[in-house]
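Each of the next two complexes has chain A plus one more chain, namely chain B in the first and chain C in the second.
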Partner chain A sequence: MTAATARTRRRWWQRPPQRPDTSHQLQLGHHRATPYLFSLPSIILVAAVLGFPVLYGVWQSLYDRERLVSDPEFVGFANYIEMFQADTFWQSMGRTAIFVFGSLVVGTVLGLFFAFALFRVVEGLRFLRAVTVAPYIISNVAAAVMFRILFNSQFGLVNQFLGWFGIDGPSWLADPNMAMLVVIFTQVWTDLPLSILLLLGGLMTIDQSYLDASLVDGASGWTRARYITIPLLVPQLLISTVWLSYSTLTGLGVVLALTGGGPLRATQTLAMEMYTVAFRNLEFNQALAIATFILILNAVLTLAYVAIGRRYDYER
Partner chain B sequence: MTDRIVPDDPPLSVPTAKATRAVTGTPPEPPRTAGSRLRRALRTALLSLPLVALVVWTLAPFLVTLSVSFKHRAEVFADPGLIPSSPNFEAYREVLTSDSFTSSFLNSVIIGFGTTVLTLLIGVPAAYAFARFNFRGRHLLLLFTLLPRLVPSLGLMVPIYRLAVALGALDNRLTLIVVYTGMLLPLAVWLMVGFFQQIPKEIEEAANVDGASLWGRLRYIVAPLAAPAMITIGVLAFREAWNEFTLVLVLTTTPGKRTLPFELYLMQGIEGIANFPAEAAFTILTVLPFVLVYTRVEKYVVAGLISGSGK
Partner chain C sequence: MHRARRLWWVSESDGGPGGGRLVRTLILSLVIALIAACGNQATDDTDPAADGTDDTTAEGGDGEQVELLVWVTRQYYIPPDDFESFHAEHPNIRVTYDVQANDDILQQFLRMADAGQKLPDVLGAEDSFLIETYVEAGLIPPHDEIFAAWQEEDPELYDLLLPLVWEETAVDGVPHGASITANFDALYYNPAWLEEAGVTVPFDSLDAVLEGLRAMKAARPDSIPMTVQAQAGQGVTTLMTMLAAAGTPFDGPVPDLTSDGGQYTLNWFITAANEGLLPPEAIAWGEDESRGAFVSGSAGLILDGFTSAGDFNEAPDFDFGEDWDLTPMPLSQSGGGADGVALSQARTWAVVEGTEHPEEAALVIRYIAETQNLIEAAGNGSVPMRQSEALNSPELQEIWPFFNEDLKEAYLNSQPFPAGPNAGETTAILEQMFGEIVQGTDKTAEELAAEYQPQLDATKS
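Here is the complex of A and B:
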């Protein structure tokens, strides 16, 4: 950014534009094949495991087969048209919208709250950070089992807690309205460590003089957070949003292990729908159309977040 | 992307936020009265309330699971307290003697270490080449290595399953090791390139003058200096292999071939009535080994977690 502006406004007495930085490269002679020998295994493996299967999947979504054993035929966009005409697809779109939006709201609010809390910590940050990161090191399935116990309608801690206030807690995972809430909280619980650390890192880089100036002007804590700190956190909030959205949109583990899409398809997200179509109905080409749609939706959403984030980024 | 990650000028004179706060933000000590002391205590309590919330939010699921794992099946409903009235190891004995746990634990350990070793073996030389050598196609090849990081494992489920069926590679530990390594490599290369660029090249050039070969430089100079980054990658690779669920779900089909998360998932549906203590004990035993490692390498996990956000 600065280099580009410097180049356009350069005068003759100023330094010439800088060449690409190669100062980390060795100036020693080496065999011409060495760098390729070093890097090719990695490139080949990444292409074989990630690149090729995805492209193969997109390509195969244009094919279909009559029966499981017959040869695939090219059908163009027929799988996609069929997908858009299915009621189940639009149902799961609706559930996904609630899931992604709910996780974004809960995740951002909790992430900001905990990041602000950690920012004030003077001692013991190491311990608290270790606690914060704990959900990151366990699998989605383990998290699902834990939340199933936590939200159990008969002995779960949540309903016991509500019982102290005389509230008869709902049977969370059997209730179509409540199940989604539990899924959202579980998903956020597994994804929150990264958001908290990102936002905490952002808070630590904020120039303290802004806040000092506002203190002189007599701004209250809430005003400072609302008008100074949070606007300055936009880059970190953007990364956190992209991450939460990606993780919920493409996340299967938590939903599958917690509810399996139930009760009454209340938590049947797009990812679950893809899994069901592929591995329960064995319509693989149909499932590939859904998977491709999820990939495109994810890209579109990410671009939208970046566009919105740019508008509010004060330092740009 | 391949430019130096360290800034050109070391930020020696830039005051950190904390240092600035220490200089400008400390108010003069107010005179101490009983009232102000009470107010201070109250203020401290209020300020630490969010931290208590953070600890409860994170640890409550662990604690309730731990609690249930020490109860009998019948006790779970009769004695819902957090501290079991008569703690016992019945559930642990049940899980530890079951085939599903022992076989999947062994698989997870083998696949975890296999993925760690393979990721380092393939990723470190590649990152070194990208960081240190100038060669034709460097940027394009680096892009080919890093860009696939955007692919979610959800998009891989069906294609990788179909390919594994076609290649006869289902129910194979090696398949899982290779797949997990491939998923980890973009992150590993990204991390290591940045790290290698920070090691002064002059050290290596001096060693070259002294007659060290490329292998000698890698072995005695680069590897010891890069140890922290290599530990980070090793931990991340092990974590991925230990916790991954969506791909092992489709790549294994028979008992005895699965990893811990898959067996834990199956456990929930096998019996008509959920066996909560056994599920809880299985969860704790799945989580425990990594938690024990984690307390030693927490710093590296955090480093890897933050760097992984460059999606």
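Here is the complex of A and C:
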């Protein structure tokens, strides 16, 4: 199509096309470097505050110290080889998989449940949407201590409550399987508000006409949720999944304060293993190797979630 | 159109050369600012006055104003007057202190030393077993000259301190601090429970303790005779104290579980756990739950540090003599002569390497060691002192009515807690083993030793 043709097709209300004015190319607002120039302070700040410590940590994971205070010696990937050869590492990996998967399932199901409930909440109870955020603003260590008291088998409220119904409550934190359940529940409790807010936000952006049309077609509530609402929530579900997965994989505060990795290492996750190696064994370089592994695992999982999410993103 | 949308900072000229100049000028300004910032940082590193600590240093000479910073791991180790009388005695010295997390204080020191930052002048460390690591890192200098000066200038106070004060911090025979106070474990019991079960104290052997627990269980079948803490990350002081009492040899922090004492201790706990004398839930109990079980009257006996006595003494409706009392840990397996030793966990004070005022810093340690300050700190929640005058003071007896002669004797004869740089790793392994025992195990003491001793030995390398 020639420029002349384009001109003839232009309607009266349309603006004339702007000619490229090369005389202004070097003006600040049009220079190719300008966006980078304005971004430079942020780039430097992010690189200094976030990038450098990460890269320094990765670099330090390639060193080893014979003793805590001796000079570091470059050992290449020896710390990683040692890490992969350790039984405790693979045991921690297994427990972390259970922890992350459990938290994802429980967190997503509860997140959806509460998001739907808050979406449909009546006018006078909308303040509940704000109240939902409360667990998020409580320190996860404080939450863990609270749950430790709640689940104490001798005097905890949970077992007292069960006792009213004649049920002899289990030793929640002394039983290895139960302890992992309590850890998952506590972690989800601290992370859930953000998931709920994300999903609630997603629900509010769904075009009502889709739901109205399905109502006219006689779709039940579950059918509408299954075929319309949840598919349209995929972008928010994806973000929620990434958040829950990241928070659980790197989560240390809850496990440390709730069980300390016990009983019998039943809740010794990768993050907890990293803490143990660093602050109890005082082997900081080895701990950095675990930290780097967690970082890579997080990135890989996030990419996997994004890839899976894209397959089901019906709005794309 | 372009002119109309020109932004205020763009040159009024036609743009070409003017815009380029502006971009270059901005980049140049940024680079200069960065260089200037780096330059300032370099100045900060070398100029103490620039890092906000200008008032902590002073020129030499008599009458100079000196500011000292003390790092301590617990507030209650500081005399309750917050150095007020020290300031009155030494008007040219001002002492401030900062309470640091005990599990991070060494790392904090190392990070600051690596970064070239100014370190505190005095350290009050709870984990005295790490003193060797502090010394190795060059954070604590030899104290032989400091203590020689002390002995010369204030022989009266110096002589009041027990030899263990200097001996415990010795590295290659040279003291590197003063272990002025030390905690130690004793057996707390519920007098009513023991009376009901016909058990008398003091126990003359560890066997007698086990028999006492059995008697308590028989008298109260649904009770927990003895409570322990076995949660991961909470340490294994109970196990270590028992191992030492039974005469187990240690190599640094590593006990010999295959020894007679090691086997006896493992058997003791296996028997107690399998007979229901210890709560299996204790595997999830930290000190809070463990002490809570004793204070609430759910348990009849607890092996715990002396600091708990101070806490119990202040607990409402929990009266000394009526609801609780304490007795020393027996040091014999089956009676007769002593097989083992009592342990104490020292708190060490040291002058930090690189302080510009080592003499003034040493005065702070002397101040901490003064009789009245030790007694007042004890009333504030601190631990027993290795200072004879304070230890035998009627005032201390008033504060700690439970600190009887038996306990004093046990304390005075106690030995340093087995320690070494591998203490963290050792503790993690022992926690695992102890948890297994407390939950109830089918393994024998020999099998447990065969499983865990190689892991413990591996930490020595």
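Methods note: the second predicted complex is superposed on the first by the 262 of 316 C-alpha atoms of A that agree within 3 Å, B and C clash if a C-alpha of one lies under 4 Å from a C-alpha of the other, contacts with A are read in each partner's own complex, and residues count from 1 in each chain.
Convention: a residue touches a chain if its C-beta (ideal position, glycine included) is under 8 Å from a C-beta of that chain, and two chains touch if they have at least 3 such contacts.
Note that this is a predicted model, so its numbers are computed, not measured.
**Student:** If we overlay the two complexes on their shared chain A, which of chain B and chain C does A:Gly261 touch? Say first, second, both or neither.
**Tutor:** So A:Gly261 only meets chain C here.
**Student:** May I ask you to name which of chain B and chain C touches more residues of chain A?
**Tutor:** In the superposed model, B touches more residues of chain A.
**Student:** One more residue to check, A:Ser153. First (chain B), second (chain C), both or neither?
**Tutor:** It touches chain C, and chain B stays clear.
**Student:** A:Arg280 in the overlay: touching chain B, chain C, both, or neither? Say first, second, both or neither.
**Tutor:** Second partner only, chain C.
**Student:** Using the superposition on chain A described above, determine whether A:Leu110 touches chain B (first), chain C (second), both, or neither.
**Tutor:** Touch status of A:Leu110: first partner only.
**Student:** Using the superposition on chain A described above, determine whether A:Thr34 touches chain B (first), chain C (second), both, or neither.
**Tutor:** Both: A:Thr34 reaches chain B and chain C.
**Student:** Should A:Gln85 be classified as contacting the first partner (chain B), the second (chain C), both, or neither?
**Tutor:** neither
**Student:** Determine, under the contact definition given at the top, whether A:Arg120 touches first (chain B), second (chain C), both, or neither.
**Tutor:** Only chain B is touched by A:Arg120; chain C is not.
**Student:** Looking at chain A, which of its residues have contacts with both chain B and chain C?
**Tutor:** In chain A, residues 21, 23-28, 34, 41, 152, 154-155, 256, 279 are touched by chain B and also by chain C.
**Student:** Under the touch definition given earlier, write down the residues of chain B that touch chain A in their complex.
**Tutor:** Residues 3-4, 17-18, 20-21, 24-25, 47, 50-51, 53-55, 57-62, 64-65, 68, 76-77, 80, 82, 122-123, 125-126, 128-135, 138, 141, 144-145, 148-149, 151-163, 178-179, 181-183, 185-186, 189, 196-197, 201, 204-205, 208, 214, 239, 242-246, 249-250, 260-262, 264-265, 268, 276, 279-280, 282-283, 286-287, 290-291, 294-295, 298, 301-302, 305-306, 308-309, 311 of chain B touch chain A in their complex.
**Student:** In the complex formed with chain B, which residues of chain A make contact?
**Tutor:** That would be residues 20-28, 30, 32, 34-36, 38-39, 41-43, 45-51, 53-54, 56-57, 60, 110, 113-114, 116-118, 120-121, 126, 128-143, 145-150, 152, 154-157, 160, 189, 193-194, 197-198, 201, 204-209, 212, 239, 242-243, 246, 250-253, 256-257, 271, 274-275, 278-279, 284, 287-288, 291-292, 294-295, 298 of chain A.
**Student:** Under the touch definition given earlier, write down the residues of chain A that touch chain C in their complex.
**Tutor:** Listed in rising order, the residues of chain A that touch chain C are 18, 21, 23-29, 31, 33-34, 37, 40-41, 67-69, 152-155, 171-174, 179, 256, 259-265, 268, 276, 279-282.
**Student:** For a test of understanding, state which residues of chain C touch chain A in their complex under the given definition.
**Tutor:** Per the stated touch rule, the residues are 1-2, 5-7, 9-11, 14-17, 19-20, 22-23, 26-27, 30, 103-104, 107, 110, 133, 136-138, 231-234, 279-284, 286, 289, 292-293, 296, 298, 421, 424-425, 427-428, 431-432, 435-436, 439.
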